[in-house]
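Okay, so chain A shows up in both of these, paired with chain B first and chain C after.
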Partner chain A sequence: MHEAVIQGWQARVREAAAAKTPLAIRGGGTKAFYGEAEQGEPFDTRAYAGIVDYEPTELVVTARAGTLLADVERTLREAGQMLAFEPPHFAPGGTLGGTIATGLSGPRRPYAGAVRDHVLGVKVVDGRGELLTFGGRVMKNVAGFDVARLMTGALGTLGIVAEASLKCVPQPRAQATRVFELSADEGIRRANEWGGKPLPLSATCQCDGRLYVRLSGAAPAVEAAAAKFGGAEVPDGEALWTAVRDHAHPFFAAARDGAPLWRLSVRSTAPHTDLGAEQLIEWGGALRWLVAPRAEASKLRAWAAAHGGHATLFAARDRSPGVFHPLPPALAGLHARLKAEFDPHGILNPGRMAAGGA
Partner chain B sequence: MDGTTHPAGTAAAFERPAPDAVGEVVAGLRRRFGERASINAGVREQHGHGEGLADAALPDVVVYPHTDEEVAAVVRLCNAARVPVIAFGIGTSLEGHVAALYGGVCLDLSQMNRVLEVNADDLDCRVQAGVTREQLNAELKGTGLFFPIDPGANATIGGMTATRASGTNAVRYGTMRENVLGLTVVTAAGRIVRTGGRARKSSAGYDLTRLFVGQEGTLGIVTEIQLRLYGVPEAISAAVGQFDDLRSAVQTVIVAMQHGIPVARIELLDALQMKACIAYSKLDGFDAKPTLFFEFHGTQAGVKEQSSLMEAIAADHGGHPFRFATAAEDRSRLWKARHNAWYAALALRPGAMGFSTDACVPISRLADCVLETHEDVERTGLVCPIVGHVGDGNFHLLVLFDPADADERARAEALAQRVSLRAIRMGGTCTGEHGVGVHKLDALVAEHGDEAVDLMRTIKQALDPNGILNPGKTVPARRRE
Partner chain C sequence: MLPATVHAQLAALLPREALLTATEDTRPYECDGLTLFRETPAAVVLPDTEQQVVAILKLCHAARVPVVARGAGTGLSGGAMPHRDGVVLSLAKFRRIVAIDPLARTAVVQPGVRNLAISEAAAAHGLYYAPDPSSQIACTIGGNVAENAGGVHCLKYGLTVHNVRRVRAVTIDGEIVEFGGDALDAPGYDLLALITGSEGLLAVITEITVKLTPTPQLAQVALAAFPTVESAGAAVGAVIAEGIIPGGLEMMDQAATRAVEQFVHADYPLDAAAILLVEADGTPEEVAAEMAEVRRVLAASGATEIRVSRDEAQRLLFWSGRKAAFPAAGRISPDYYCIDGTIPRKALPRVLRQIEAWSAEYGLRVANVFHAGDGNLHPLILFDANRPGEADKTIAFGDRILELCIEVGGTVTGEHGVGVEKLRGTCAQFGTAEIERFLGVKKAFDPHGLLNPGKAVPTLARCAEFGRMHVHRGELAHPELPRF
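And now, the complex of A and B:
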């Protein structure tokens, strides 16, 4: 039955290729707001669902793209494991395929790695309708080009993710959240200082004059670090981190109503700078959120670039300044060539990742 | 069906360039680089091979660039003349990566050896490709930071990036894949591009950094690398545990991983390898039994907790009491014995040559794979000890053979081929860390299938249309009929 679904995908892609009909690849649509607008006939991946293989002792899960992220996470949780990159949900109904295609990671990312660091292998249907396998389900694999990682975060423009094998990790034995009254400057400084030490740091969030810090690990290590850090205990820490991860935190209220939300990815020690609006700062300083008018695009992009990074218009009713930071011409050329190889007819989510002509 | 299949058979294998074309390139390089472009036979011989089995193929000229612009100029010249260009770090690759199969220009990056920036607060640094890992760690002394990836050899960071190296520290710190933040790459057209950057979520667009990590010099020449660094742990301790059988040793590691013990290194030596190490490194008080070497990094309390938890798990699996080493000298003596495993193995059979397999399997299949391989070795009559990076399922069979005995060499190579296929059958890979080079081209197809390899080939064609970058490596030039 599953084989028939994939054959159906392949046939549909071949038809679309022949007719040059764009396909808008979509799972649960929970992250459809991210990236440039979808174009083309809807291509729903959810019929290809289910966990293919999960052997907890191997710390690897293999599942089909249409599997609900929540189902993958529940299965892991029941075996005492989790996805270390803490993928955001934003809304119920998100799929594993969408998690990989968007490549978005949550609060634990600087301390445990990103989505791409946990993708061990993928099966994809490319723009010719071929079903291809890259990587596998082992921890290390250097056989050929690292196409599995290239697929991660490519927003479905290089291939339709059909199946993926992800590295899992044991859940931490203990977790605690501490809060400190600190200015943004001081919060960034502290988060960087602690991040360089062998401390069980697993998330930071600076907002409203407070720095929240999560500790995860063996109980003695978490207790020792909590004692060393001081600050006050946050009783329901997990609720806070889930809210930050899914943008349910009050900071994101305006963005949820359609105001332009910017995601600035910079080096973690970039100084706190007044960019015209309150910021929520995660990842030890490396990720800065703010709500700012679209007209601020060039100012924000210049600031991010000056601090080693880039600015993305993460969510907005009107995405007209362009979602992604423009690429230098040489890189844009490489993008275009890769896109042309994976999707010669330009039918897979065309325009979704406009940076680089993909 | 027009256009729905890959242009598989159309990719012609690279052909050796005409002598005139090579001659012109060599003359051009000698004009521009003077003594930094050498046609000396000894220099070319030294650059025609890595540390793998002798598959030497000499370049026509060896050039020593100093800047990205010089690298770009060499590549442009070669691209225009359709002459191969092969990046070379320090020559420690194992799979024939640097052999100049079609002659051409060897780009020796060893003089591009400056550490350009160390950003202690950001935990990163930027280095030129020719910096070696030991040099980097020496220059980091005093900053409280270190670069953990340790493939054994004192390889260059450029070479480690190009081969996606890992080694004994991967369980805790990852491989080059996870630790390269950004790159400067010279493309086949001779353009200098930067991928990624200082930000953790690097670059808009496709993750080109990841594509260039592990491309073995076939898609571009890596000239600069932005690397992640780590705080030097407050405490380090080492331990050695011995087991009566291999399965118990592997099971100990599986259970430890389930507990999430953040062990920095876990290395497995089979009984034969341990016998070799005891003799070679004069280790007292150990038996020739399956053995695990551990290293723990963390706070004083953390290290103590990790090692006692590990010992308890080992005891549950019939392990003998651990031997601990916390003093730096004792630790380094133990680990030196592990690092010298290769020489110890060669000493098992004086006069023999050897090479290493590189299978990696899901850890639940590791014991099966190693034990099946033991039986296979026994049938061949060869002497082949095993070391393994057991935390990630990667093990190396050190295959010893008499170079004067062609039949034995053939049996040795057939054995290695079976190890690769066995790993693939068990859901693993033919190469966990050494790479494809020229030796694993067939196994690559067995592992990924023709269609996936076809797509890799089209990536190669897209980024290197003239096929000048390290031709004959990483991806077969055409489908096998």
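And now, the complex of A and C:
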């Protein structure tokens, strides 16, 4: 049955390639707002679902793209494990395929790694309708180019993710969240200083003159670090981190109502600069969110670039300034040639990344 | 031989001592750490600026001369083996640590900086560079990125790909490109991941930003003896099932412990069929809690003896044997051949039993060291290259081990790379369509195939040749290809 689904995918891609009909690849549609607008006939991946293999002692889970992210996480949780990159859900119904394709990671990212850091292998159907396997189900594998990671975050423009193998990690035995009254400047400095100490830090969030810090690990280590840090205890810390992760935190209220939300990914030590709006700062200073008009695009992009990073128009009704930070010409050329290699007919989510024709 | 015009252009570009063409000068570059494969290059160039690298690549590109980038030459798969008609581009003079930013926990380094030198420079800030291949005193960071090098701490701290933020490189047509950045991600495709482990086929690296990790306050290692390899393997699974990710988790079999003990005197239990080294690191509280659990799990898994390091000196002593495994193999045998496959851990007993059986069949001794935590196997086949036929027998034995790795769901190379050594294994591991895409990726960066040609990705014709010789589980690999 599963084989028939994939054969159906391959046939459909081949037809689309022959007719040059674009396909808009979709899982649960929970992250359809991210990236340039979808174009083409909807291509729903959800029929190809289910966990293929999971052995907790191997620290690897393999699941089909249509598997609900929530189902993967529940399965892992029951075995005392988790996905270390804490993927955002934003809404119920998101799939593993969408998690890989968008490559978005949550609050734990600076301390535990991103989606791409945990992708061990993928199966994809490329733009020629071929089912390809890259990477595998083992922790260390340097055979061939790392196309599995190349596919991660490529927004389906290089191939339709059919299956993925991910590294899992044990859940921390204990967690605690502390809060400190600190200005944004001070908060950024502290988060960076603490990040340089061998302490069990697993998330930070600076917002409204407060720095929230999460500690995760062995119970005695978390207790000792909490005592060392000081600050006040946040009783329901996990609710805070889930809200930050999924943009359910009050900071994101205007964005949820359609105001343009910017994601500035920069050097963690970049100063706090007044960019015309309140910021929520995650990832030890390396990720800064703000709501700002589209007209601010060039100012925000210049600021992010000056601080070693890039600015994304993460969510907006009108994405006209371009969602992603423009690439220098040499990189844009490489993107166009890679796109042409994996999708020579330009039918897989065309324009979704809008980078070098991808 | 280098075309005369290219030689003249290189001579005009570089100081005299930075261009080597006499055989006695180029011979030291004829191989890397895998000495089974050798070739003398037409020339060796040793630029010391990025502008020189750009110029070298531009003129080699224009004249269609192959270029093989080279770091310290410690690689174990022949990835830096020269091309007969090509230029070896040594990055040995790119030795500068450009900047260390203790607050941002990053270091900007040139590719010729030694792996360990980064940690030494960062130590004053309580930081270090986590990936620690066993050659770390000699190997350079540029080569580490090219090979996606691992080490004994990968399970917890990741491979090179997890610890590099930004790579600046020059493409074959002389364009300077940057992959990644100072932020935790970059727009567009993850070309940083693509360049990492690309074995010099896509671009020549001129600068790297690495992530630095806080040095753990404390590390302690438990040494446990097991009566059988199976029980040691099961203990590894049991540690992980307990929710513990040790800083290091290594296994050595009896042949390996006996080989190293004569040289390092680590007081390993020599009657044990296998030993495990399990390291806990972190805050003193974390280490105490983890070590208590590790002891309990190891005992419950049938360990006949468990020793926990009392202090740093003893911890280093316990590790010394593991770190000396390769040199020790070189001292008990005229030659040794290190295999590098990764398998799902559960397949360990089956694979080790099979290696033992083949060892008897071929009449070649094997010592097994194993990054048990992440399933990366390093059987060391001991042989004597001066005995007629023994090198060939060794290679055949190695190939069978790698095929078995694929069969149990693993890979032909965990951390040493494909180079020239694993081309056959790569044909066996991937299908035609995947290899075509690899060749397409190569072409997207290097349309004329000038950077490190003949390495890492086999041509389909090469696979067909191998396929003709090699029938895998009754199936011919790449059946759709025309046969010779």
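Note that in this section the second predicted complex is superposed on the first by the 358 of 358 C-alpha atoms of A that agree within 3 Å, B and C clash if a C-alpha of one lies under 4 Å from a C-alpha of the other, contacts with A are read in each partner's own complex, and residues count from 1 in each chain.
In the analysis below, a contact is a pair of C-beta atoms (placed from the backbone, for glycine too) under 8 Å apart; a residue touches a chain by one contact, two chains touch by 3 or more.
Quantities reported herein were computed from a predicted structural model and do not represent experimental measurements.
For the composite obtained by superposing both complexes on chain A, the positions of chain B and chain C are in clash.
In the superposed model, A:A17 makes contact with chain B only, not with chain C.
Contacts of A:A227 after superposition on the shared chain: neither chain B nor chain C is touched.
By the touch criterion defined above, A:G129 lies against chain B but remains apart from chain C after alignment on the C-alpha atoms of chain A.
By the touch criterion stated above, A:A143 is placed in contact with chain B and with chain C alike.
In the superposed model, A:M1 lies in contact with neither chain B nor chain C. Of the two partner chains, chain B is the only one that A:H345 touches; chain C does not reach it. In the superposed model, A:A295 makes contact with neither chain B nor chain C.
Contacts of A:T312 after superposition: both chain B and chain C are touched.
Once the two complexes are overlaid on chain A, the chain A residues touched by chain B in the first and by chain C in the second are 55-60, 80, 103, 109-110, 113-114, 116-117, 126, 130-134, 136-147, 149-150, 152-154, 158, 169-171, 173, 192, 195-198, 218, 220-221, 224, 265-269, 283, 286-287, 304, 307-310, 312, 324-328, 330-331, 334-335, 337-338, 340-342, 353, 355-356, 358. Remark: chain C residues 101-105, 125-127, 147-148, 150, 154-155, 158-159, 161-162, 171, 175-178, 181-191, 193-194, 196-198, 214-217, 237-238, 240-241, 243-245, 282-283, 285-286, 288-290, 342-346, 371, 373-376, 409-418, 422, 425-426, 429-431, 433-435, 437-438, 440-445, 456-457 touch chain A in the complex.
Of all residues in chain A, only 55-60, 80-81, 103, 109-110, 113-114, 116-117, 126, 130-134, 136-147, 149-150, 152-154, 158, 169-171, 173, 189, 192-193, 195-200, 217-221, 223-225, 265-269, 283, 286-287, 304, 307-310, 312, 324-328, 330-331, 334-335, 337-338, 340-342, 353, 355-356, 358 touch chain C in the complex they form. Residues 14, 17-18, 55-60, 80, 103, 105, 109-110, 113-114, 116-117, 126, 128-134, 136-147, 149-150, 152-154, 158, 169-173, 192, 195-198, 218, 220-221, 224, 265-269, 283, 286-287, 304, 307-310, 312, 324-328, 330-332, 334-335, 337-338, 340-342, 344-345, 353, 355-356, 358 of chain A are the ones touching chain B in the complex. Taken together, the chain B residues at the contact with chain A in this complex read 1-6, 119-124, 144-145, 163-164, 166, 170, 174-175, 177-178, 187, 191-195, 197-208, 210-211, 213-215, 219, 231, 233-234, 254, 257-260, 297-299, 301-302, 305, 360-364, 389, 391-394, 427-436, 440, 443-444, 447-449, 451-453, 455-456, 458-463, 474-475.
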